[in-house]
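When the chains are written out, they are named A, B, C and D in that same order, and each has its own residue count from 1.
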Amino acid sequence: MTTHVIVLNGASSSGKSGISRCLQAVLPDPWLALGVDNMVEALPASLQASEKGIEFSPDGAVNVGSAFMALDVAWTAGIAAMARAGARVIVDDVFLGGAGSQQRWQKALTGLNVLWVGVRCDSKVAAGREIARGDRPQGMAALQAEVVHQGVVYDLEVDTTHTEALVCAQTIAAHVT
Amino acid sequence: MTTHVIVLNGASSSGKSGISRCLQAVLPDPWLALGVDNMVEALPASLQASEKGIEFSPDGAVNVGSAFMALDVAWTAGIAAMARAGARVIVDDVFLGGAGSQQRWQKALTGLNVLWVGVRCDSKVAAGREIARGDRPQGMAALQAEVVHQGVVYDLEVDTTHTEALVCAQTIAAHVT
Amino acid sequence: MTTHVIVLNGASSSGKSGISRCLQAVLPDPWLALGVDNMVEALPASLQASEKGIEFSPDGAVNVGSAFMALDVAWTAGIAAMARAGARVIVDDVFLGGAGSQQRWQKALTGLNVLWVGVRCDSKVAAGREIARGDRPQGMAALQAEVVHQGVVYDLEVDTTHTEALVCAQTIAAHVT
Amino acid sequence: MTTHVIVLNGASSSGKSGISRCLQAVLPDPWLALGVDNMVEALPASLQASEKGIEFSPDGAVNVGSAFMALDVAWTAGIAAMARAGARVIVDDVFLGGAGSQQRWQKALTGLNVLWVGVRCDSKVAAGREIARGDRPQGMAALQAEVVHQGVVYDLEVDTTHTEALVCAQTIAAHVT
């Protein structure tokens, strides 16, 4: 039973992108890495800062509107189609809707073998990394730390608080079949 | 008959990305903008400079290998699925294989209404813009200028040599239904 | 009389960065290219969006405060010192204070041979390029188009409205001694 | 005795940039952050991959030539002048020449109060972070890990192997006067 998709879910600054790149390096096959950041960059500029699209408050809150949600459904369907067409895909996402977000992905990925991975990081440590990276509003990591995992069911969880991205990736890779 | 996908094909530095962003700004509906650059960035780092993946020579030549081509088929299928799921999508691509590249997209986009747009730019002017942008190997624009259009059939063509990206976008937008 | 510094002054989206990269390519000696964007990126994140630092309004207005101005004086002195230490430097800047901004640079660059270049672009064309590049608030180009040139004295002016960056660079290079 | 300049020296992927941004956040005054990456980006494209400029081998080796070295002397003089003009500056650098690199900076910074900080990271951990960040040739971190500290004298050293950038920055900040 081949793993078709690896879904990494975690709060902003929890370390998903680094794990994703390390997974690409340690897994023997080539995997595409795509994430919610790519979807946001594909939006019209006008939707990248609007009520209908996605809004980032200075305090780190993120709100998404109707146009974003409609396009996100299509984006998700597209990722699923890539996997069905033979690409192995690592998805990194932020389940702002917790269990509801997972159900949306489950529906899109029907029939595919998915490895669900929770990426945790101590909220204070993530807040520090948010300052160190310098490209995210301060507060986003803390606001998302708990909510994105609420009701979500994982095959495994990793925690980047004291574990390097590469080591987390090796742990995850051991579950890929 | 609603246009589902706009495909912009042109050589490196012909102005596709700028036209794509302008299209997103002038078209009344929200359109996703995705291109071959996004696909390349989604590849494992090891494939971004290898014979099996994609290689950029210092003289601007681009070669793609078996792993790239397999993932590209899946990427194309994914874009088509996004459009079928309701997203309107602007694709920018470089048809290194000319007519063959178009046939691959036509197959993937079966049943969708596609506006095929050729983006031209005088080869010398494009070579100058390549220097001005500073992030592409010199020579790529000139090498690709003709070959990407060979045998390709368009609904319309625009030329950025003397026409601004926004004006090209307005011309294209007038053909979107 | 060797030219030590080339100062390119123009509004946002008038094409300064492209000209700067082309100048580096066409001038036989190596020139460093530094600009106000580099200075802003060197600021603490907290000053990149604050009254004391620099603020970018959604309508494209730019305001700078006391902390920005103090650091900008030091930045300018540093650029001058690089030139005095033997580096040839292309500076690109936006003279939000018009003649006053030029006087500040003149004072810092005392004793150095400076080529003052005005970079113009039709306001409507620049506004279109602002959309095409996608990384500047819409309106900035138009707001700055006139004000940055008020009272400023140039050795030569170039206009990117109908002239490519590379051609502008060649014109400027002909004045470099 | 006010600290004018903080010099962070460490190998690639040791965590200097993150510490620098955290220092800007925790220090009460505004500090400019500038580093060798900014200097490289200011070079003509032709020097960013040439024997006379700077060359990055696929194995992570870095070589610098005569043109690079001449411009680097001027860059260093410019940073010193910024500090003398009142800007407090955090410099991050990679002392490829070990003690010789430090002497060059000491000469440029004569008369200024400098806090010399060594940034260490276990070579294996840094190699993992190099994969996770994805924008550096693999091997650079390991190649530089020891050589950049050879003969260099510090006021304090921090080690990012098990300590977060923010905590390292707080340690450093306690030594800033």
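The rule is short, and it goes like this: a residue touches a chain if its C-beta (ideal position, glycine included) is under 8 Å from a C-beta of that chain, and two chains touch if they have at least 3 such contacts.
Quantities reported herein were computed from a predicted structural model and do not represent experimental measurements.
J.: Do the two copies subunit B and subunit C share over half of their interface residue numbers, or under half; same or different?
T.: Mostly same residues: over half of the interface numbers shared.
J.: Roughly how big is the turn, in degrees to the nearest 5, that lines up subunit A with subunit B by CA atoms?
T.: 180
J.: Need the CA-centroid distance for the pair subunit C / subunit D, whole Å please.
T.: That pair's centroid distance is 27 Å.
J.: Go ahead and note the Å separation of the Cα centroids belonging to subunit B and subunit D.
T.: 39
J.: Whole-Å distance, subunit B centre to subunit C centre, using C-alpha means?
T.: 32
J.: Touching two or more other chains, which residues of subunit D qualify?
T.: Residues 21, 25, 45, 131, 134 of subunit D touch two or more partner chains.
J.: Which residues of subunit D touch subunit A once you look at their complex with the stated criterion?
T.: 17-19, 21-22, 25, 125, 128-129, 131-134, 162, 164-167
J.: Would you tell me which residues of subunit D are touching subunit C in their complex?
T.: Against subunit C, subunit D makes touches at 21, 24-25, 30-34, 38-39, 41-47, 53, 67, 70-71, 73-75, 77-87.
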